[in-house]
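Okay, so chain A shows up in both of these, paired with chain B first and chain C after.
Entry: the complex of A and B
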């Protein structure tokens, strides 16, 4: 079950403080990177919710993000909606799509679940790539940023946009944490541990899985809207399975099933990507080697490693046991 | 167009050629999975490596030098991978395996870029396989017929080995129940190694024969990976018959989809995969009944 340990709270506070400080002092390039981190952070929060806690390792989250980005762009450009209703519409579409995928894949587990989500993700990718309606492989441009001039905020300014992106990360985190603390979140963790038992307890398994997947899809859709607003351009590449694979890598590097770890992973991944790609065009190989090393070390990512180290150092408090019995 | 017999012959041959290429790749992957429960996403990278080795060697040793040595080189690489990564990840669960081999793809793509560069490499077809031949009223490239024949020959050989020899019986026993097979005195570890290396060699062979018809680029392994995975999931993980059925289904749906329903072609194969996973989650012809 998901709890906010002191270490997790401290890491969150540290990340928030660092992000806000950086947003205040960084130049244009730094702010662009901050927005990029924020988009990836929302996506990996969404993925960790289902993969880390529910054991549903999804390779269609890139597609859910892409659907959100395209739906936002199309709703704003062609239907003439303003940014906020377009965002709501786009997120609703990703949510509905994720619910359907979750419901259909609910019976599959392990490698079959991975393959099934891959199939749905690639279906969406191929559809967008081939359909002339949505620009094909040229993509679409002209996604607007929300107009907050009534509040005196100009989101075309990169500093304001970075802060807005950080706010959305906080929102996504709050949604994920609230979901995990709710009855649904507990059922999800229970399903991961022992599906038969939860079934015997009377849980409608497919509905719980599909609902959790839908919430995750909503967050991925939100990340998509933010991505569209950030670059004001969407391409089919957003829906590709490699985006999902990269998100999974970030979740693993950060710490699967910790919710805080993947955010840390997103920060490290984007910074590493920019630092290494400045040095060598072969940065993917470095990321690959790091990934292999992390998985082979059997540590649960950077954050999981910290958690187990700290837990090993201090004696387990007795109170915890008593609480669990009560 | 569609009433012309030549059209159907041509497209059927194209579909068969794609199917046989996918068969060479998927058979190794699927038997490795059936036997070892190991998901090797880097299988496509082995195929790309085979293509590069074949392209490089064909310059000095001619086409057949590359054709014969590429599978060997890939088998040696596979053996190295087996002892460095695969063996220790055998019991680590599908998630860790997917991730380690996903990391390997990253490394492999950049390693090939580093050694061979970003530009596509061409490779010449040996002279007596070059050119076209008249077949049922259509002109068809001889080399593509050679791919079909090679695929069928490998299929026949594997069927023979798996169903008629003692090694084949041991492999089938291992796929069925590896613990029981070990109890009966079969050295399951050595068999795993053998199957893994042979699977790698077949991937290298696929790369070598594909090199002249496709361009040899660093991301060719990534491009073939998804079709290969679709083949083995549709067919049923771990079964030879499944790999054959999956390859044929993929080859025909892809080829005929592209000419008959061009706007829907790539959605079609994924829709088929989803339909199979929903109705028969274990695939059409699973290894275990």
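Entry: the complex of A and C
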């Protein structure tokens, strides 16, 4: 079950302090990277919620992000909504879509679940890509940033925007953590361990899965809105399954089912990407090697490694008798 | 409380449940005996809805539940434990019981509070832990406790739903005779109005807790009556001395 261990709280505090400090001192490129990290962090929080805790490994989170980004852009450009209502609309759409995907895929598990989500993701991708309304390959530009001038905040300024992005990461984290501590979150973890027993206990399994997926979809949609506001341009590439795959890599790199780990993973991933791609165009290969090393180490990602290291230093509770499950 | 009328089920050519009619009154403790492969577990699977019978009906507390799904029957107060442990392995014993209680109380989909912290769930966890002797182990993870304790948790999870009817599939299978006897003491201490259907291999222990006995053989009810009558039945001796011996 999800808990805030001292290590997790400390890591969160450290990440927050580092991000805020960096936001205060960084130049333009640093602030752009910070916003990029924030967008990825929200996406991986969304993914870890269902994949890490619920065992529902999804390859459609890129599509959910993309749907949020496009819906936001279209709502603002064509329907003339201001940024806030456009965001609400876009997130509502991602949420609804995720609920449907979750409900349909609820019956399947493991590799079949992954494939079913992939199929949904590809459908969304080709819909956006083919439709003449959404600019096809060229994408759409002109997504606005929220107007917070009433509060004396100018989000066209990259420092202000980075801080705003960090605030949304904190919001996404709070939503995910609250979900995990709710009845639904407890059931979600239970489903991961033993779906059959939970059904026998009286849980309507499909609804629990679909609701959890919908909350995750809402967060992915939020990441999409932020992505659209950041670059003020959306392209079908946002919905590509490779975005989902990358998010999954980041979650595994950081530590499945730890919520903090994937945020750490997002930080490492974006920094690595920028540092290594400056040195060699083969940065994907390097990241691949790192991922292989992490997986082979049998630790649950970078954060899981820290957790087991720290636990090993404490005296272990005595394991009572030998296991003898028939 | 729980009643089946001519329940039948086949797997291909093999009929594993033949015209089974059973009736349990409220508070009755009925033990099902029968050799390996007699169809005892298959009967349970049909009672809780994990398996559809080919024909026949199942009534729970007066209502026909034959067409209801597993979760719906559970919500009406039917609960079961499994012959092979079916636990939430990565969680603690308290979390296992708490999750079961939370789901049974309809808090399994809630968004606004933590059911594990609710007074109702905590009270259930405490009570059930006392009922199946798990109190000293509440904070231990399931994969860190002995098989016998996991076996007790298996029944504890079923009890945590506060059922009206509980089905236990060989709750003491694989544990030693001492622990087995201890478990039967716990069983006898359960509230008297709880209706219990229990599959048990050990005849002596079975007679120890049973109000009534059903004997299944090749999917068929070959005996239904009081323990004293079962003890004297030559039929039971035949099965017991025959196929049963190698059980």
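By our rule, the second predicted complex is superposed on the first by the 315 of 326 C-alpha atoms of A that agree within 3 Å, B and C clash if a C-alpha of one lies under 4 Å from a C-alpha of the other, contacts with A are read in each partner's own complex, and residues count from 1 in each chain.
In this section, a contact is a pair of C-beta atoms (placed from the backbone, for glycine too) under 8 Å apart; a residue touches a chain by one contact, two chains touch by 3 or more.
Everything quoted here is computed from the prediction, not taken from an experiment.
Engineer: With both complexes overlaid on chain A, does A:285 touch chain B (first), chain C (second), both or neither?
Structural biologist: First partner only, chain B.
Engineer: Kindly classify A:179 by the partners it touches after superposition: chain B alone (first), chain C alone (second), both, or neither?
Structural biologist: second
Engineer: In the superposed arrangement, which partner chain does A:82 touch: chain B (first), chain C (second), both, or neither?
Structural biologist: neither
Engineer: In the superposed arrangement, which partner chain does A:104 touch: chain B (first), chain C (second), both, or neither?
Structural biologist: Only chain B; A:104 stays clear of chain C.
Engineer: When the two structures are overlaid on chain A, which partner does A:57 contact: first (chain B), second (chain C), both, or neither?
Structural biologist: Touch partner of A:57: chain B, not chain C.
Engineer: Considering only the touch criterion stated at the top, classify A:21 as touching first (chain B), second (chain C), both, or neither.
Structural biologist: neither
Engineer: Could you say whether A:297 touches chain B, chain C, both of them, or neither, answering first, second, both or neither?
Structural biologist: Neither partner.
Engineer: Do chain B and chain C land on any of the same chain A residues, and which?
Structural biologist: none
Engineer: Spell out the residues on chain B that touch chain A in their complex, using ranges where they run on.
Structural biologist: 39, 85, 88-89, 92, 94-96, 98-100, 102-107, 109-111, 113-114, 222, 226, 229-230, 233, 237, 263-267, 270-271, 273-274, 277-278, 281-282
Engineer: Where on chain A is chain C touching in the complex?
Structural biologist: Residues of chain A touching chain C: 1, 178-179, 181-184, 186-187, 189-190, 193-194, 196-205, 207-208, 211, 317, 319-326.
Engineer: Under the touch definition given earlier, write down the residues of chain C that touch chain A in their complex.
Structural biologist: 48, 50, 70-72, 74-75, 79-80, 84-92, 95, 98-100, 102-104, 107-116, 140, 143-147, 149-150, 157, 161, 173-174
Engineer: Would you pull the chain A residues touching chain B in the complex into a rising list?
Structural biologist: For chain A paired with chain B, touching residues are 57, 104-105, 107-108, 110-112, 114-116, 118-120, 122-123, 126-127, 129-131, 241-242, 245, 248-249, 252, 281-282, 284-285, 287-292, 295-296, 298.
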